[in-house]
Each structure stands twice: as structure tokens, then as C-alpha cells.
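A, B, C, D, E and F are the chain letters, set down in written order, and residue numbers restart from 1 in every chain.
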């Protein structure tokens, strides 16, 4: 029996979250990865607390961007390899919506969890405490944008055996605005200014992405299935 | 004892919160370290014993059946 | 006269720059059971995917296909970290169920009783294929498109699957499958792709 | 000597040994921990420079010392598992990493709590602190690897390889972090304890170090016993042993 | 006919290089990735040339480390997935040697190429010209160490589904000395001091790694085949 | 009396914590052709890998096996971006050749004439399996261990492979293979794993 769209999407989400929660390591892992990469910076740049504090918004945001890209590059990989994607494409429910469910679940597990624990990393770099809430909210919004961008790139490259890396590089230029707005918000907050306008810009990016990305993702996945 | 009053023990000249936080957190981790495998082992041995009882009961039951048949 | 579930009319099929098949015409009606034959590389898989609607770029000609279709290709569409039961809650092409009893019955039918809670990655090749095939017991689609469903399945499993296919056709469904082995099914129609080779 | 190793390698013998050792260790360790803490918290005099915050030393240093030693114990178990194929070494491999990680965690957290009154910052990139953080990462790596394998035997062997590689690396890491720190002309932050420590503080510290070694042994044995109960739940000897 | 060890290893290398050259994207990709990540830093940290120049050794080295890890994580992946690894393990030639051939080919294509083009990136961050030769040689030696470490971690995680993050967790702690020696060499050179001792240390690490890593890699691969 | 190429003596096989097989004993001599039977999940693949020496942790008991062995499992061991010819230069288990004529002959034998320069990823499922099997024509190993070699191979291909297996055994080699289909080979010995199930 063909279920309602709502039920179907709920099942999709459950399936995705269940598989992820089966291995808590998959959620904790990226966070520890982040922590490790953050420690690499003092090792590379030197231990001076003042320097680290001044650079911390930039460092945290660049690392968040990189780890988000690395992780979301594999977004549809397992679905493609185990045949789930074929089934989704043949389903009468819109592929755009089922793909978006995956992107959201992915973001909840990776971006949101990163945003939640980010104060710990900020503390390691001596970031001023008043900037922490802004760091968290900017990361939450920003990683959503990054997941959407990563998903578009992933949908196009999932079937490619050749030059897969090259195409996913296309996504880095797209992420530049996110990086600029995100760092600006945190830096303003650390200096005691009002970061609202930057956060609003990030929110606008996220909202626009949520509207437009589904179409791009669905088209990309259908093209990948043709290959 | 070095301290004169119990409140001095808690305060420790302003360092009390730090010292006590460190000690209580350590106590908590040590508790987890000992208690979690301890209770898990209890649970597992209990499950094994239950299994053995069940098997024994079943064996004696079928044994009686055989006896009654004979 | 039974209704047409699938109709191809003088269809040409390309793969990349190469033409694989030309002038394929066939009609699948309710109750039909078709075995697609053809030597390795003749284009069975490509045609199957085109029929299902997965590839549209290489297909020229008229294709009419019912919406009520289930496709099982080389890939089983199973999440290797979820258990058999969890996987079958979502049984392909947008169909879902929460009825664990039905799922367990389907698993028992394909000989996987006792494996309900086992993760897919801990199963043997044939057992994994069986979990995928259990979807046929759960599905309510009319047209089944099965690409080499007997791969890695043992003798008992083959007999069981053949019986299920026949049951489905007798109940008014239709099946198109590929297989290199001869089967023991009655009233089988053959579509030999070698004759359409371009 | 070899006969002992041989006996230790036999799961039934080890299960019995673990049961007896746990029965002895548990009260002794708890008592030593309580006595040492009371001594350190209430009886020892304060440090003349840091005041009372120094009392954290009685858990911080023992945890750090035992965590460091723990890695070498793990590597030894790894060697025994790979070279002599001793079954109990496999079990030990999986039990050691979480315990070591927990002790490292204690050292890190107590250290950073101590840092707040002393340095005014929760965290400072001092050489030794950084090395400790890296040790924590090494432990986490072994834990994550052992979790990721379904096949327990393969998991133990993989962890053995990783911990041996880590052991070769640890001295290099320590040396390099030292050089890294001196390269950067450290700020005026220094550990205070570098000068000779007064005996009134030394004795409770020594007691706590011993207690933490005991705690390490105890929790490793506890975990190994649990592993044995899981692995051999089908076998006759364990059923006989339990009932 | 069972070939001589030399012939066998030559074939191995040819096979690997041929397959890699069949998709040049995999060689150029990481370089462009590197370039883009380097450009992210001025965006995140602010465009002040003096600050960037001072930080450039650290930034370049951290990014080189990360991109090397990301790339070498896939080192044995395709061999495992297509069954080549089984064949290598069953071959009478030592698995350690055939694996080392792969690591060397991989390093030639990734690490060496990165070292060769690194002056471009250094220029972007205003690094003084006199440090460029040291940057190149430190990266050449350092990426060899990183490839070896990455290969050990990859050999242990190749059989694990979604070993991606796990791999970084295993290898990052081990890479700390490489990072420290590498940055130190470049920084000393940029400040006009003699970096030889640091380069010698890197060389010692690479030499030691080449001797010890093969055993660990072979053991890791055999364990992975068991899983 | 022909020499022993493989000898298992009361071997037990575990997979994770589960015991799959117990007390398996069998001897493969020169000229033997063994078909391993067993229902899905009975442990054929696991035993094959243990025989080949790929898994050692789960095997208890005596295993003696010749060095001159070739193993073809579920995975073909082919690089999907290299052509058939390039792939076969390296034909498994440490054997290599630069003799393109020999490679082309082997490819022709498995029915892939004209595909010498085609990349593996552009072949159909059965064609890919055939490239893997071409190694049997190139190899000089005495003992062949083949896990489901007939999967995805069409009728002609099956006959051709059966003939090659028989030729190898008559020439003093030995073959152990698994298959769920009955074959038409003469002088076949059967090893039914169901009887060793633990």
C-alpha cells in the first residue's frame, strides 16, 4: 500500500537516523575529528593565547567548513552503492523531498551536534565567553547551508568514477559567503559589537538554500542514475 | 586536620569550588569505572544461571516423561 | 482481455554511443510471466532499467508502463547496518509498513526465520539476496521487474521463488525477469534479446 | 615463567584468578582512595604559593602518571596478542583502552580546573598538557577502532597493531612537543611542583599514586571479567563456574 | 609463472600509476583543494599581509597535513573493494612490499606534486622567498611520513564501513611530530635561521617510517581481510 | 597415488562468536574436482576463504595447502578504469605476464574478443565475471578455488567454463568450486557442508 507522503518521509527519517544511531561512533567521530584538527592549529601557529584568541573565529569556521565538506561529500554514497537510490527514484513520492529528508538528518547529526559542542573547542582557543552563543548559532545556521551545498555537489558526483574530487571542489567557492558571514558574526561578537545582521544574512542563505537546493539535488541524483 | 571549621573546609580560601569540583568529578568517573562493569557482570552471570536452571528444569521434565513412558 | 501493464513499441536502446538493441516491441499483460534471455552483454540489464524508468536518455520509442511496479536490480537496496526487520519496514519504491508480523512472515517465507534481528552485513551472499526478495512477499505492486533474481540463491530458495512468481501471475500480476538458467515454471513467455541486437 | 604465561592465557584459569583478585583489590583500593583523599584534602598543609588549590595534585598527578603507564601496559598486551597469540591478551586489549582514556580524562579535567585559579585560564598550550591531550587522542583511537569491528578477534588484533605503532611514536611525540614549546619562548607560566616537594605532601601523593595503580588494575580486571562472560557464555566451563 | 620479486613490484607500480593517470582528476583535485583551502584562510583570518606571512608556515603545514590525510584514507579502499587485496595477500611475495609500492606511488602522485607546487600557495600568503626551498623539501619529506602514517591507519580501517572519520582519529595524533618539525623548519628559514636540523629530524622520521611502517601495514591489511 | 594438494583434518570454523562448521575433513588430490554444496549461509564462502588462507582467526584444526593455488571469490580483483588487457597483465596471486598475445587468446576463450581495450566499468555484469575467469586460462596454479564461478554467466559461458575445469583436472590439477546449480561435469566429487553444520 502506498503511504501518505508524511508517513513516507517519517519512515525515511527514521531509517536514516536509526542507521546512524546504530553506530554512535559515527556521530561522536566527527566531533573528535574537529577537536583534533583544532589542536593542530596551536601546534602549527604557536601556543600564544592572545594570538590564538584573535584567530579563533576564523580557525573554527574554516575547520567547520572543511569537516562539513568532507563529511557531506559522502552523503548519497551509500544510498547509491546499495541501490536505495534507485528505489527512491522509482517511488511516486518526489525525489526532492526524500533527498531533503536525508540532508536534514545529516545536518542534525553533524552540523547541529558540532554547533552544540563548539564552546569546548572555542575554550581551547581562548575565545571570549560572550562570543560563544553567537558561535553556536552561526555554526547551526552555517552548517545547514554547507550541508545543502555539499548535497548538491554530492548528488552530481555520486556516480562518477572519474574525477570525483574535481567536481566536489566546485562546492568550495559556493561556500565562501557562508564562511565570510559566519566569521564576521563571531568576530563582531568577540569584539563586543552586535552580530545580528550577519546572523540574519546567514539565516537568509539557509532559507534560500532550503527552497532551491531540493530541485538541484533531485536533478543531480537522476542524472547520476543514468550514468 | 589542617582546617579549623567545616566551612573553612568548603571554602578553602576561595579555592573550594575548584577543589571540590575536581574531586567530585573524579569520584564520579571512578564510580563509573568500577560500577558499570560490576553490574554488567552481575547481570551476565545471573542470565547464565537462569539459563542453566531453565535447562535443568527442562531436562528433569523430559526425564520424568521418559520414566513415565517406561 | 487482460489489461496492458507494460508496452514497448519498436524501441531502440543506446548505451553511451553504442546502440544495443533496436526495434524491441513487447507487451506485458496481467497474468503474463516473461523470462528475458540473451547472452552476456546483450542488454538485459540496460533494457530492464529503461523499462523501470531509471534511464531515459538512451531510450527511443514508445514506452508505456503502469505506476504499480517494483524493480529489483543487481543491488538489493538494503542498509547493511540495519537488521533484516528494520530494512523491510521500507520495502522499496516508496512503500513502507510498520506491521512487524507481516515482515516476519515474509522473512520466514524466504527462509530467514531467526535472522530478524541480524544486521545485513552479517549475512552470507545468498541470505542478503533473500532479504531483498522478501520484498516481493510484502509488495502490492502489479508488475515485478526482476534482474537475475536467482543469483546466489540455493536450490530450495529457487523453487520457493519460482512458486511465488507463479502465484503472483495467477493472481493477476505480471513478472518480467532475467535469468541464464532454465526454470521449471509453466506458461513462461520468452523474450530473446539476441534477436534484437543492433 | 612460561608456565605462568601459559596459565594466564587460559580463559578458565584467568576467570578464577580475576574473581579472586577483584575480591581482594576492591576493598583495598577503595580504602586507599578514601584515606589518601582525606589526607590530601583535610590534613596536609596548603602550598605556600598556590594555597589550597594545590590539593588537586593528589588526584591530578596520580591519574596522569597511571594514564601514561597504562599505554605501555596496553602495548605489552598488544605484543602478547600478536606474537604469542595469547587469548587473554586479546581480552585485555579491549579492556585497557577505556580505563586509560578515563584516567587521562581525569588528569585533563582536574588539570584544567586547577588552571583556572592558577593561570586564570581553563586551558593553556603548555608542552606537557599538550602531550597529555595527544595521549587522550591515542586512547580514543584505540577505543574507536575496537568499537568499529564486528569481529572481536580481529578487533583485538587491530588494536594491538595500533597501540604498538603508538608506542613507537610516544617518545617522539613527547620530545617534539617539548621542542615545539621551547621554540615558542613560553610565557611566564610554570609548574610549581618542580622544586622539591615537602614530605607532608609527598606521602599522601605517594599513597594516591599507589591507589590509582590499584584502581587501574581493578577496573581492567572487572572489564576483562565482563568480556569473558560475554565471549564464553556458550562454553561448559563458564556455566560450571557460574553455577 | 611466478615472477621475480623485482618484476612483480614493477608491475604493481605500473598498474597503480596507470590507473591513477587514467583519472588525472585524482591528482589535480587535491592540489586545487589545497589551493582553495589556503584561500579560505585570508577570508577567515583577515587579509593583513604581515599577519598572514607570520602564520603562513603553520597554515600551509596544517592544510597539507589535512589534505594528505583525506587523500591517503582511500589508499587501499579500491583494492579492498575490487578484491585485489585478497590476491595480494595470497601472493607468495611479501604483502608488506607490495603495499609499500602502493604507498610510494601514492606519495609520488600526491605528496611530491604538492611539494612541487607549494611555492604558489606560499606566495599567496606572502611567505618570504628564502623559505620556499625549505618549504618544498620539508613538505616532500613530511608528506612521505604522512603517507606512511595514513597508510597504517588505512590498512586498519579499510574493511570498516564508513571508516572515513575513524581514519583521521587514528592518524592525527601520530602526525604531531611531523607537523612540529615541518613548521619549525619553515619558520626558522623564514626568519633567516638555519633549518637543517629540523629537516634532518624529518628525514629521520621518514627513514624510520619506511623501515617500520611496512610491517604494520601488512599486519593491518591481513587483519582487515579477516573481518 | 596422486599427491595431496589440500588436506583438512577435523577442522572447526567460527565466524565471530558463532561456530559455523565442525569436524570438516577432506582431502583434494591431483585430478580431483570437488563441488562444495550447502544451502545459503551454510559456510561455503567462509570455508573457501579459510582454505585459501585469507582468514586464520576462525579456523581451528590442521590445514595443509599447496603453494600453487589460485582463488577467485565473489570479487573479481579487476581495476574498473583499466582495460581488460591491462587488467590481465596482472593475473592474480602474484603472477604477472607481459605476453599480450596470450592475454588476447584467453580473452577470446571467454568470449570477449573485441573487448580487449574496453574498460572494465563499461562491461555488463556477466562480461566482468568473464574477465575474471580469463585468469584461469592464464594461470599455472595447480589448485583452483572458485567461489560461485558460474554467477551471471550465460549458457554458452557455463559450458565453456565447465570444459576448462575438466581439462585442468585431467591435466593433473585440481578444482574446488561452489555452485548452487547442478553441473554436467563427469567425475565430480561432492562435499555437502550441511552435514557439518555445528
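Throughout what follows, a contact is a pair of C-beta atoms (placed from the backbone, for glycine too) under 8 Å apart; a residue touches a chain by one contact, two chains touch by 3 or more.
Remember, predicted model here, so these are calculated numbers, not experimental data.
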Type of chain A:chain E copy interface by residue overlap (half), same or different: same
Most distant chain from chain A, judged by the mean position of its C-alpha atoms: F
For chain B paired with chain F, centre-to-centre distance based on mean C-alpha positions, whole Å: 52
Averaged-CA centre spacing for the pair chain F and chain E, given as whole angstrom: 37
Rounded Å distance between chain A and chain E, as computed from the means of their C-alpha atoms: 26
Geometric centre distance via CA averages, chain D-chain B, whole Å: 21
Residues of chain F whose C-beta touches two or more other chains: 16, 57-58, 74, 80-81
For chain A, residues contacting two or more additional chains: 23, 25, 29, 32, 36, 43, 46, 78, 161-162
Contacts with 2+ other chains: residues of chain B: none
Complex interface listing, chain C residues touching chain E: 80-81, 121
Chain C - residues contacting chain F, complex: 16, 38-41, 43, 45, 74, 111, 122-127, 130, 148, 151-158, 180-181
Chain A residues touching chain E - in the complex, by the definition given at the top: 23, 25-26, 29-30, 32-33, 36-37, 40-41, 43-46, 55, 57-59, 61-62, 65-66, 70-71, 74, 78, 161-166, 169, 172-173, 176, 179-180, 183
Chain A-touching residues of chain D, taken from the complex the two chains share: 121-126, 130, 133-134, 137, 140, 144, 147-148, 177, 180-181, 184, 186-187
Sites on chain D touched by chain E in the complex: 82, 134, 137-138, 140-141, 144-145, 148-151, 153-154, 157-158, 161-162, 164-166, 168-169, 172-173, 175-177, 179-180, 183
